[in-house]
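When the chains are written out, they are named A, B, C and D in that same order, and each has its own residue count from 1.
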Amino acid sequence: MLSVDSIDTYYGQSHILHDVSFEAGTNEVVALLGRNGAGKTTTMRSVMGLTPPRTGTIRFDGTDITGDAPSSIANRGIGYVPQDRRMFPEMTVEENLRMGLGKAPFDPDRMERLFERFPRVGERLDQRAGTLSGGEQQMVAMARALMRDPQLLLLDEPTEGLMPSLIPEIAEITQAIATAGYTIVIVEQNVDLVLDIADRIYLLQNGRIGETVTPEALEQNDAILEEYLGV
Amino acid sequence: MWSLHTPVGTVTLNRAVLLVLFVIALLWPVIGVGDFLLFLGALFLAFGLYGASFDLLYGYTGLLSFGHSVFFGVGAYAATFALMDYGQGAFVGLLVAFLATILIAVGLGLIAVRVKSHGFVIVTILIALIAQRLAETYSGITGGTDGIIVSVPDIWIPLLGEYSVFDPTFRYYFTLGVVLVSLFLMYRLVISPVGLVFRMIRENEQRARMLGYNVTAYKLIAFVASGAFAGIAGALATYINGFINASRFSLIVAGDPVIYTMLGGRSTIVGAVIGAVLIEGAGNYVSQVTDAYQLIVGLLLLVMVVVEPEGLIGLWNRLQRRVKRRVRDSTPTPEVTTDD
Amino acid sequence: MPTGEQILIAVLNGVTWGLIIALIALGLNLIFGLLKVVNLAHGSLYMLGAVGGWFVIGATGSFLVAAVVAPLAVGFLGMVIERVALRPIEEDIPTTLIATFALLIVLDQIGLLVFGPGTRSVSAPIQGSVTLAGITYPLYRLSVAVVSLGLMGALYLFLHRTRYGMWMRGVRQDLEMASALGIPRSQVYVVTFGLGAGLAALAGVLLSPIVGVNHLMGLDILAVAFIVVIVGGLGSLKGVLVASLVYALVENIGTLYITTVDARVLTLSLMIAFVIVRPDGLFEEGLG
Amino acid sequence: MTETVLETVGLTKEFDGFVAVNDVDLELTQGEFRGLIGPNGAGKTTVFNLISGLAEPSSGSVRFNGKEITGLDPHEITSRGMALSFQITSIFPELTVRENVLGALHSGEALSNLLSRYGTDETKLDRVDGLLAQVDLDVHVEKQAGELSHGDRKVLELALALANDPDLLLLDEPTAGLSASETDTIKRLLAELRGTVTIILIEHDVDLVMELVERITVLHNGQVLAEGTPDQIQADERVRKIYFRRDH
């Protein structure tokens, strides 16, 4: 579904990603793990076209999307849940959800079905998104990305910066989405959540993919955890 | 001995070229151009000073002002009133123009530099537009669009005696002298430590502040200095024209120094003078041929802004570099665009 | 002391003018709010609307056709301008500003070339006057005020009830996120500029029977439009409406008590004083 | 006798009901090298902003060199001897490297030299070139700062902060986005500075901090979670837990 082939990404002159390659097959859940500043979020932004790579190629569903505008990448069927949730604060929850459609047509039934997974979102449709709590915003961000029924979902740190009491709930939703058959690339600090849902884990360090492991192997290997995550 | 990489701004004009231009300016009356070209020469020098004063603010400090017409106009009217209502001489008129614009610039500057980032330029537009309306409204004082005829008394030059501003050669040299002194003073300012702070503000305002500079105060200094020289330019233009009207305050006049500077090349001081002479000079001939000269100027400015923001001097330097590289490499290089 | 009738007329004039100013300034502020372009050519687009309308009326004899065709044409021109002249330099406010100044010169000169110097009048499509509480008032002016109000309402509905309007608000609030969700931002930019230009042109057509048509009319209106935009708050549509009404009411009621000249100066002074006290305007944020 | 250079008392910052920094007390003595660490969102950068005057605290106070500086403008604070180095490199790209440092050195006194030409004062030039030699930028003095590599820009950023012989150096992630060898250069420079100037080093790279500093303050959810020597911090269970969020 998604294949990232040796991309190099820069912020201005700053060389962030070095020769990063990874893949996510249909219905696979792959995770990117690494310390702060390892380049995980930049990888996600590269895929979305927000910070396009200078070299390398990104293919989605067999098509080369490298260098395409973010909007055309999204309209190919990629749902994006960014770090920090990025609400449109002055819009209502419902408008935030509709923004998630991009150019896709609105399907009221689909939205209703989403509310089964995110009941709190359905209750607050008319509330301004800027007034929601962090956890509620995270749910809106996830529901927003699911509005278009994406073929690929990019989840950037869904539990980051949330109150500790909310983390299990978001983790549970993430698990539910993962088992619902979406193709997912997830970046997450919460190692336990990742170990539970991922089919494959890419470990990043200083903007490079260090190792590719299965959750089982990672769980057993404290040396790798220590090296890549400082655990 | 060491040299600063960029003694003046980011683009500089070759010293030899500068010298040639200076000699042309100096010999202009001598090479036998007629009275009309002497008149135009003086007028365009005054416009050049107006452009250069704008460059001091925009090119060096990074503050885009669309309200420079206010200083140009205030200087012009202050000098006019000094001459006509108080019977003062031309030098006193210049001094009054200088001081009056400083006063106005301090007042307006205190409003404009307080506003955040792009707010500055918007406030200067507002200032220009309000000044335009006030000048039209108070036509009793400004003479409205009909204007006021200004008669400039003879000027006494120490050691040389009295001269009439109606003498084209004298008028030209008088203007050249005032413009050169003003340009020199501006040049001294931009190479002083204060000028370095101006450029720091242009490059990275926040960092300059975090290094301990009172950025607001320095912006005000740049604004006032720039305004004061625009005021002198306004007074000079009035002496040369012998006429002034309320359209001095129009937004179009506010845009003139922007055009000169963008065409000549910003952060060079002298670029605006070159731009003014070229634009106004060409305009004087082309407008006899076609009515659409302003249209051409507008299109030129548009192309300049979108394609070559460094202006003619930037274009010249770029060509020079390319030629040098060709000569050095002997093999022809492919089309290279330098990214500075 | 002015009579009650005079006061009523002054208020009516103030409200009418305020609504018209607001209509012109709204486009200016819409463009600034979304594209961060300070459009100095906005007055020129308004002028082109009036000039275009004059030609269409001359050709078809129909004011209504002019009010449809001229704004559409100018709106299309606005789209071309955004795409060709502003897109390459977007996000650099000083540079786009100089570019729009260049456009102001170009468009005003085009106006001069096709229309020539001098003012020409346009006859109002609606003649006659109405009597309200004992005073008579030109019916056309009243209609223009009502149409302005209706257009503003329509703009509000467009922004809040249509998908495109929602996209525009979204792009304004978080451009990057909007693109990452699939909102085509270049398309939104082009449409916004076109919409702003079309609104200005429509105002030009509507106003031509009242103020006449002149190739320099853009410069006159630009001053007022800018003042109310800054006082109302950059990007705030609500602020523009309030500031426009206050501006026009103060000036019109002022003329009852002091000379026209002094009333104008008083209004400007009030606006300047307001900007000094609150440099960010009445309402700082919020499109809609 | 050791003097207190910086002291914060009850430093608190709220944004719309969200408490980013909560009741933080810090005390630094002359010559101390302090590390400030904490996971993302712990409030490190907010603390940086509160101390430097970039943000105003909701409550609490900051004293610097024995004087209250709460609520002062950043330029007033920095002109009293505090120097900052930013996480996102903040230099003057179109000025030369030498002009960058010269500008930093001029701080405050530019106006009294209106009639001079900048860069002609030999003592100042010697100091600028000496500083640039110290940080290994002497080969690039005539280059435009914007043409430097990312690593060299970070070094220049540090040189700007050092230009005025500050009493306190506030560093926000000086190695962010650097390669390993570039990080080593910065590390070496910081090690050389140890003891000569009071430093607060804000870092997410815990290893780097452990190697360099004498004392560490750990922030979590805007509060001070722990403070101690690197060894004490490394052994602290609470710190391990917040950093790595493994529950089993």
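In this section, a residue touches a chain if its C-beta (ideal position, glycine included) is under 8 Å from a C-beta of that chain, and two chains touch if they have at least 3 such contacts.
Here the structure is a predicted model, which is why all the values come from computation and not from measurement.
Compared on C-beta pairs in contact, A-D and B-D come out with B-D as the pair having more. Remark: chain B and chain C have CA centroids separated by 32 Å (rounded to whole angstrom).
Rounded to whole angstrom units, the spacing between the C-alpha centres of chain B and chain D is 42. Here the spacing of chain A and chain C, counted between their Cα centres, is 43 Å. Interchain contacts close the chains into one ring where each touches exactly two others, per the touch definition above. Each chain pair that touches appears in this list: A-C, A-D, B-C, B-D.
Residues 2, 4-6, 10, 188-189, 191-197, 199-200, 203-204, 206-215, 218, 221, 340 of chain B are the ones that touch chain D when the two sit in their complex. Those residues of chain B lying in contact with chain C across their complex are 58, 64, 66, 111, 114-119, 121-123, 125-126, 129-130, 132-134, 137-138, 250-252, 255, 258, 262, 291-292, 294-295, 297-299, 301-302, 305-306, 309.
Residues 52, 54, 73-75, 78-79, 84, 86, 90-96, 98-99, 102-104, 106-111, 113-119, 125, 142-144, 160, 163-164 of chain D are the ones touching chain B in the complex. Per the touch definition, chain C reaches chain B in the complex via residues 36, 38, 40, 85, 88-89, 93-95, 97-99, 101-106, 108-110, 112-113, 219, 222-223, 226-227, 230, 234, 261, 264-265, 268, 271-272, 275-276, 279-280. Listed in rising order, the residues of chain C touching chain A in the complex are 163, 166-167, 169-170, 173-174, 176-186, 285-286.
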